[in-house]
């Protein structure tokens, strides 16, 4: 190998990288919050009786889960304007990420809801709790607790998926990588560094989720 | 007038005829034990009394309320009928106190402070006052079941239904739960228990109901019935269990 | 050396654009066609070897060359000092005027007018580098991965203006899209060069020879007529 | 410049979809082979092997597939290895899918109750015999549904190979969009084709899962 | 010489001292019942006898083999010590016959035909000869447990360890499993049972060992010990369970 690495050449771009990290982090946070929220609503619709709504949510989930993220992104960014819906690159990217996470979290949370023993529901009913009260007070918290690891992983997967947003000019972390690469041609160095940053972000995100878990589920804390 | 009145109740699961015309009158303060083989319809009967299951025919009246399988009605009923399950069904994410206070706050609309007082009262009654801030997972099975009883009591029911509430417990923990039931019976609570604890049925219960193939096969004063079974089915059952 | 290597394997591997008409685009069978493609064919033919085309984007064509995935880049590539540090350039083989283009109602006549406007450009292209220097602070430059995305972004209305080559713009306008595409101002005259791996001197010399031969023989003029509807400008032939 | 009819678009997309399928199959085969190896390493209980697998999984699940593609594609070349878009895509997808498959399979093996191990040990079976006769046959059955489910992720993952210039369904889509400027139609068709590839797999996975749950 | 000899065995889980010096000698043909509260260390003791768990101190010798926590040794030991679990632990993907023949074929290296003969023999012994081609899921709990016993017997062990093998069964199925144990005892098999079935311990067992807090708290002839407990702990335990 006759190649000398020139990681130092990246220093002038540290600003750009920092900005990329910031947008990736913001995208990840907003997506996580909105996606999980929508996912909960979707799961609630799916777990109830077969209605038009629950079926519509089902179709949405299948559509999203069975097509690649990048195609969804292109469709939103390039396709929707032809029918009069114009979103900026940032909006399009965020929208794509949110509908993606929402679809996956709908399925994950639904699985959690279905794993709650019927006895819990019956106990709540015999105590006189209404349907909504039963769902929010008795079913949802332990359901979330059960699927928390799966949800964490999915949120991280979607965060990593944001790398693709660079394709439509969203200035996130991969955009920074590609930009620097297009200026100094040090592709390997750049991608190496950015990959490590993604790894750190993923680890950080997992830790963050653990921290939230700690406060959200005090019963588990008590047990350990 | 009787507190629980069951009138020719039939129940089908698909084509499976599970209850084949049950008639029962249970007065306030009675302690009734329901015994019988697995699949004889004991749980189904209990679930028809509190509206968890819709019966197919006949009628059930509890505390002058017609029991129908309908959310609104079950809510109303929940103030008169408590139920304790074999598998406790405590809410794992809530502390003992929160488990107990949940329904009084949401259904009886009591303020936190009053609910708390009630929780302390009922916990004291089952001998677990000091566990109010523990989580269910930190308790033994017997303690969990006692909390489940306390949770039902917090709604101040007129009748408590218990479906094999000691079957999931280690033998040495059974006693502490039965003790609580005994105390409740002594205080005059109406109890309807599905149970395999023959000694308890005999010593504490007033009446025994032996179910067989969806029918009340034999019933009467508990000491008499258990000592002198009239049907071969009950004799056989008693021999198998004891 | 690389020239011997090419002769030995009997194959010239060339990076060409496929999203940059008229230099390189795809026919209905998705095979690349265009001026660059024909130029590559001419070089291969003159060297007496077969031709393999590798479709690239502006962003990845130099890495392709650096990592020797291709022998030559013939991809409407302009020259600048940054690039000259990492690869070598032949003499120019095609004209190229970089400009900013937009629909007729966009009031832009100079770089200064770009203030507050959104301009799409292909990341890492010469127009990107030049525009980045010229454009005022508050102009929004949207950088896309490749020319096709840049063009799509303009056509779907995601950007108001794009910076690209005059010939390319003409080709897009030809498509009869409702937005039209008028020249606003010229950024730079940036003719196209063939790129070689740094230090492949023999290959570079040979390529230069063949380009000169093509210019004198009229071969390249012929291609220019075919793809640009005009002869090559005189200064290119000097 | 040529004019594309709707049929031309569809025809080209269908032709390109072949490569999506081929690449998916290669990635799955590669991912399954490497994944099997890693799973064995992980359940072996040897600290060093377990640590290595954990690191491997952390690495490939913690970084974007896109970056893995870039690094393989440009990185290996720098080390003097000839890397085609084909090879790069296949390798990156193999690394990516093996990491996930390892996790899935380890979960399946661990889902077999401890009692099965203990009963086997009391009968005198060796570690290898227990694996071979007791654990793997049961775990295999559990693993089928999630594995088929994950294959959807592989098919979708191949879409990213378009970014390093591999002409599969997505790349053909962008090329056609560029040639026709009908993004709604082109990407709509692309999405539809992916859906037709993936949906049967999703349904199969769900059916299998239900069947196995009933069987137990 | 005794068949199982346990010599000052200690066991820690982390800092939890679970067995605090156990000494026991069990002769061939003896039927020993181990009783005691949950957590007193009964299961742990059994698991130390067959090498499933490593003890921290002391020594266990079974059939003249030192028990050590080591794969090779457990394999050798498996020819002398059988174990039946509360949760059966049959292999769900194998038929009853395959469940039983697996170890004889793999460990004792018997040919298929011989293993088959053994399977038929042991199944007949537990009264399930006709179930040889059924899968475990097709059997009732009592039948599954009898198959599990048969599977252990197929290895022709000198001593059979049983850990609460009737606790997971419905009350009316307990009898059929105890019957099998009774037959085995009558044939002279050495049995060490952790059990809550006091009647069985008294009527069939030779010796009762009451464990408490990781110690053998009281032991002796089963009828004597159960009739006249010497310690308040055992009295309390017997009252709770009966």
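In this document, chain identifiers A, B, C, D and E correspond to the written order of the chains, with residue numbering beginning at 1 in each.
Heads up, the rule we're going with is that a residue touches a chain if its C-beta (ideal position, glycine included) is under 8 Å from a C-beta of that chain, and two chains touch if they have at least 3 such contacts.
Predicted model only: the values in this text are computed from it and were never measured.
J.: Give the chains in contact with both chain B and chain D, ordered by label.
T.: A, E
J.: More contacting C-beta pairs: C-D or A-D?
T.: Pair with the higher count of C-beta contacts: A-D.
J.: Among the chains, which has its CA centre at the largest distance from chain E's?
T.: C
J.: Given that chain B is a copy of chain E, what angle of rotation, in degrees and a multiple of 5, matches their CA positions?
T.: My answer is 175 degrees for the C-alpha fit.
J.: What chain lies farthest away from chain D once each centre is taken as the mean of the Cα atoms?
T.: B
J.: Taking each chain's centre as the mean position of its Cα atoms, how many Å separate chain A from chain B?
T.: Here the centre of chain B sits 46 Å away from the centre of chain A.
J.: Quick one: report the Å distance separating chain C from chain E, using the average Cα coordinate of each chain.
T.: Here chain C and chain E have centroids separated by 82 Å.
J.: Counting only Cα atoms for the centres, state how far chain A is from chain C in Å.
T.: About 38 Å separates the centre of chain A from that of chain C.
J.: Where the centres are mean C-alpha positions, what is the separation of chain A from chain E, in Å?
T.: Chain A and chain E have C-alpha centres separated by 51 Å.
J.: Which chain D residues reach two or more other chains?
T.: In chain D, residues 74, 78, 163, 174, 177, 183 touch at least two other chains, as defined above.
J.: For chain A, give me the residues that contact two or more of the other chains.
T.: 78-79, 81-82, 167, 187
J.: I'd like to see which chains touch which, written out pair by pair.
T.: A-B, A-C, A-D, B-E, C-D, D-E
J.: So in the complex, which bits of chain A are touching chain C?
T.: Its residues touching chain C are 77-79, 81-82, 86, 88-89, 166-169, 175, 178-179, 181-185, 187.
J.: Which residues of chain B touch chain E in the complex?
T.: These residues of chain B touch chain E: 37-38, 140, 170-175, 196, 240-241.
J.: Under the stated contact criterion, what part of chain C meets chain D in this complex?
T.: Residues in contact with chain D: 18-19, 21, 25-30, 54-57, 60, 63, 66-69, 145-149, 151-152, 155-156, 171, 174-175, 177.
J.: What part of chain B is in contact with chain A in the complex they form?
T.: Where chain B meets chain A, its residues are 50, 52, 71, 74-79, 81-83, 85, 87, 89-95, 102-103, 106-107, 134-138, 148, 151-152, 155.
J.: Under the touch definition given earlier, write down the residues of chain D that touch chain E in their complex.
T.: So the residues of chain D in touch with chain E come to 113, 115-116, 118-127, 129, 133-134, 137-138, 141, 216.
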